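Everything on this sheet refers to the single structure shown next.
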Amino acid sequence: MIIVCKKSDDASVEMLTGKFESMGFRTHLSKGTESTIIGLIGDTSKISVEDIEAIDIVEKVQRVSEPYKLVNRKFHNDDTVIDVNGVKIGGGHFAVMAGPCSIESEEQIVSCAKAVKAAGANFLRGGAFKPRTSPYAFRGLKAQGLEFLLTAKKETGLPVVTELMSLEHLDLFNDVDIIQIGARNMQNFEMLAEIGKCRKPILLKRGLANTIEEWLMSAEYIMSGGNENVILCERGIRTFDTATRNTFDVSAIPVLHNLTHLPVIADPSHASGKSALVKPLAKSAVAAGADGLMIEVHPEPSKALCDGAQSLTPEAFENVMTDVRKLCGLENKIL
Amino acid sequence: MIIVCKKSDDASVEMLTGKFESMGFRTHLSKGTESTIIGLIGDTSKISVEDIEAIDIVEKVQRVSEPYKLVNRKFHNDDTVIDVNGVKIGGGHFAVMAGPCSIESEEQIVSCAKAVKAAGANFLRGGAFKPRTSPYAFRGLKAQGLEFLLTAKKETGLPVVTELMSLEHLDLFNDVDIIQIGARNMQNFEMLAEIGKCRKPILLKRGLANTIEEWLMSAEYIMSGGNENVILCERGIRTFDTATRNTFDVSAIPVLHNLTHLPVIADPSHASGKSALVKPLAKSAVAAGADGLMIEVHPEPSKALCDGAQSLTPEAFENVMTDVRKLCGLENKIL
Amino acid sequence: MIIVCKKSDDASVEMLTGKFESMGFRTHLSKGTESTIIGLIGDTSKISVEDIEAIDIVEKVQRVSEPYKLVNRKFHNDDTVIDVNGVKIGGGHFAVMAGPCSIESEEQIVSCAKAVKAAGANFLRGGAFKPRTSPYAFRGLKAQGLEFLLTAKKETGLPVVTELMSLEHLDLFNDVDIIQIGARNMQNFEMLAEIGKCRKPILLKRGLANTIEEWLMSAEYIMSGGNENVILCERGIRTFDTATRNTFDVSAIPVLHNLTHLPVIADPSHASGKSALVKPLAKSAVAAGADGLMIEVHPEPSKALCDGAQSLTPEAFENVMTDVRKLCGLENKIL
Amino acid sequence: MIIVCKKSDDASVEMLTGKFESMGFRTHLSKGTESTIIGLIGDTSKISVEDIEAIDIVEKVQRVSEPYKLVNRKFHNDDTVIDVNGVKIGGGHFAVMAGPCSIESEEQIVSCAKAVKAAGANFLRGGAFKPRTSPYAFRGLKAQGLEFLLTAKKETGLPVVTELMSLEHLDLFNDVDIIQIGARNMQNFEMLAEIGKCRKPILLKRGLANTIEEWLMSAEYIMSGGNENVILCERGIRTFDTATRNTFDVSAIPVLHNLTHLPVIADPSHASGKSALVKPLAKSAVAAGADGLMIEVHPEPSKALCDGAQSLTPEAFENVMTDVRKLCGLENKIL
């Protein structure tokens, strides 16, 4: 960590370096004409940049090493491969999680599960608890929805992924294969800490205005609780642009692959909000190196109770899968 | 609500208008050369724009009336005045909530409470549960912190405001006067729904990338649960700009005053992240019509365990208050 | 165009509809309980939304048809194919424009031209006039740089593309094959109008915070001058995210293909600012349907006078091209 | 400047420090376990961060001193006061520039000039050349508009400010008192360099997605040409928020006052795009320390050919001025 001090007398700078040394750091001083620079040597991951910047003689602070350790590729070079009931994600294994935004009935989720399985999906997704901007909108079938989802799992053998919206519901998730933490809960730190104590794979969606570093820090929360099974999911960020619901940050995929060993998947449905864009965005994600995709599929999108505008019909999904499979071939991904 | 349909045959449009009429809406048709427009007349607040956009012949949808009702000034023209143990907020009554970011010890919070009271604050703020980006950072004294806060309340008589981070802690908040919902929980819909059932005043901070409409929808969640005591707090939004921690959206204050009857306060400390900017931003908020301020004050900012860079010393806070009082005078606010 | 009026007396609304009718529009009225809606039928592309919103009884205005016509795919369904000295772009023809950010010497640009040609590029790029944030930075070899570029064109036969920064330099661009309008000049309307009068192909980069509609309006400026040869180039937008220099908006590619008949290429070098990201982003662009790529290649990136951090060595570029060719094969693009 | 190197052998680091020393810098080395840090001592304002980051062993680069010098308050502590025909801006002198967005006729601009003068404005603004997103919109009366503006100057004695859109028009600006560089030309570097050669005061608006540092670098362009009369004008930035046309960045005012000696004014009309918000935003700007305001006033906003939605009537402007004067009193500004 590099600390740039304002023009100040030697005594103040000495007091500061003394303070750091008493905390166990080695320090290294460099005096310029305009400012003095202190290099801090040691594990600075527990120090907050803001706290140092609060010190009166400090002008700015620059981290040299990343503030995350467990998720950091520097200390764990091999790709993490997550095994979900025999289906693998990461390290060359490609995951396709497909299904409706909301679970609406047993029939709907079961038929949808069969359709996406036939088209090549290896996971079933479906929401039982739905985050909705409006208190007047449909918020999911809740516990009953989970039951329907587990029926679909039983009928197709597909492992299931579904969103947890409150720790109070955790008991209901025993037979769920992957717990999804939604974009709006990416920095729900109490939830992250708690979920770190279980051993189920966690799908951590990126918050809509969160940096990649903040996202990795949230993954670090989960891993620091002892749960090493974290999958990151890029789902678009919020920008000034209104042509799409969110702006799909495709660069996040290779950027994350450099910084972390965790698998990274993409959700082109939420990223774009429009079914016509799902195919090109899904393909761009595979070409950029994604370890998987999460795609909304609904038997009759125009009757969907939620997010119909971005859902594919089973036929359209099959068509996407044809291209995805070709690209996985080029990228040497196992699907 | 206005629904613009793509060029399509009369039968499809008729089927759609029929569907809306069966839902209890009146419809109004307007045929152009390129598209047909359906006007929907009736209460559309429970209809989701995305759901309508999912219908294949629909090109775009435009709301005419706002999707929120209880918070809407159109249906409740008078300013809401919230009475917290005799101290009022809104409708000409100005609130100043001051105190440390984190409660660090009984002595710290009590002395800080006395100092901010002496300088003119009418509420004490202080965090017991702290949201932190890093799992390795100090996350507050938790239950013990709340106790210290209540001691400071007893010693000074100042009503207290502090953040709730998980519903599991709600029982500990019985003697807290205002429950703060932090920026990262602004769309924690389970929390909003639950908190709507209590009758304590809620301070709802704006999420860092949330629109004003989303913010009002979150307030609508709370009000639709039956709790009418909602205070909105602008605390800066996330933009491309890095000169300040967040970009203080001062326009949000007059925009909200047009749209809602709820009181609106500003937090210049979090908005800027820098103590030197607190005074000019606090003043700009008052001049723009804010109903109050939330300001971080710490006896020794450079020793703060959290957010020291943006905390004022008690002396600096007094200096801010001198100017705030003059501006309140000009604005006819009671402080 | 739909105009939502505030609750107002019939006389005011009649006056307004009368005004529109006198301008040659047909109007269509729909009265709700809260507001009256006027539908405007006719060519509204010359009406400004803001002007209508200024009228006191108007609450909001929504366009139904796009404000651009010449660039609109609705009125020109076939892909525009641009022929540059026999090399085609668009409609299945894939362009690869490669070369250094800045032209530094005759030797540098000639050797670079040979290298990128050998690796499969069909255009040479290179900057003679360089936009630089700082007045103290290297701003290009200017007229001499253009001469060196034209020498490289002669030696390799590659058509060349280079940026115009001021209309005063236009005379020097006679032998340039494609004139580039940089991101910072995307809304330099005087330049757009002037450049519309020439018949050379124009490469129009997206401004760093411009919406897709604004971008298309800038292309409309050029086309309305009579120049139909416009190529759009996505080069990343500015967002809160700092992991990359800009955020590459890969969705812009399919979105544009739906809205316009003009070819769309991508610049992964400027989008990311980091050479390690050029390959995955280039691939994602091809997979999303791009009609071409613009890539920075420099013989010795670490000695580049400008933008070295994002430049590829000729070897790295060859490696990118191997993958690009495979993807073009999948996409049925001719390269 | 601090250069963080990746783990690398001593020889490479030595070669790099040798290179810097040969360029006239002193270097200072600090070796950590993970990386080596080079401190560069000397005038680094001409070095580009990107160029250094292109060097293979370099991981990141952090500036310690600002890249601008002439605009920097560190080297010029006193506020710059700009004298425009006897009317001063900066250093306690408050400027109010008011008038229509577009000049539409001699009568319109003269009557508007008289009205704003009567209400207390000390400058007349009005656009003769108008930047418009659409090629089909009204783009100003151009040369004739300038003549009308100068007539209004003669009739009222108010100095005038108007926008320059192309260097080709510069000859027409001889009698204009302040040349405005619009937001879209903030990084038109050829224009900045040229305008730096004249001695007229320049009003430099902030680009809609430009950082404060980029803005100051553009001011540095003008000053490095020899023109010291630069006024900065905050006019809102582009964010995700759509409640207002732009997001008024009120913090920019105190941030700039810390970094530069140049005067800073605010344009609440363009920042908000809505006349109802002009008053609260104007007041917030004064309270935050602005040295002036630029406000759109039009005799009949609903008939304005451009930007009517944000224009005030003369009566509304008078009402704003009443409050502005009171706030200027509190702030000890001379108006």
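Lettered A, B, C and D in written order, each chain numbered from 1.
One rule holds in what follows: a contact is a pair of C-beta atoms (placed from the backbone, for glycine too) under 8 Å apart; a residue touches a chain by one contact, two chains touch by 3 or more.
Remember, it's a predicted structure, so these values are computed and weren't measured experimentally.
Common partners of chain C and chain D, by the touch rule above, are A, B. Taking each chain's centre as the mean of its C-alpha atoms, the one that lies farthest from the centre of chain A is D. The mean-CA centres of chain A and chain B are about 26 angstrom from one another, to the nearest whole unit.
Work out the mean CA point of chain A and of chain C, and you get 31 Å between them. Centroids built from CA atoms put chain D at 39 Å from chain A. Annotation for chain B: residues 209, 238-240, 242 touch two or more other chains.
Residues of chain B that touch chain C in their complex: 2, 4, 28, 30, 32-35, 37, 39, 41, 60, 62, 64-65, 209, 238-240, 242. Contact residues of chain B toward chain D in the complex are 209, 211-213, 237, 239-244, 247-255, 258, 271-272, 276-277, 280-281, 283-289, 323, 326-327, 330.
By the touch rule above, chain B contacts chain A in their complex via residues 45-46, 48, 50-51, 53-56, 67-68, 129, 131-137, 139, 165-168, 184-185, 187-193, 208-209, 214, 217, 220-221, 224-225, 238, 273, 301-302, 304-311.
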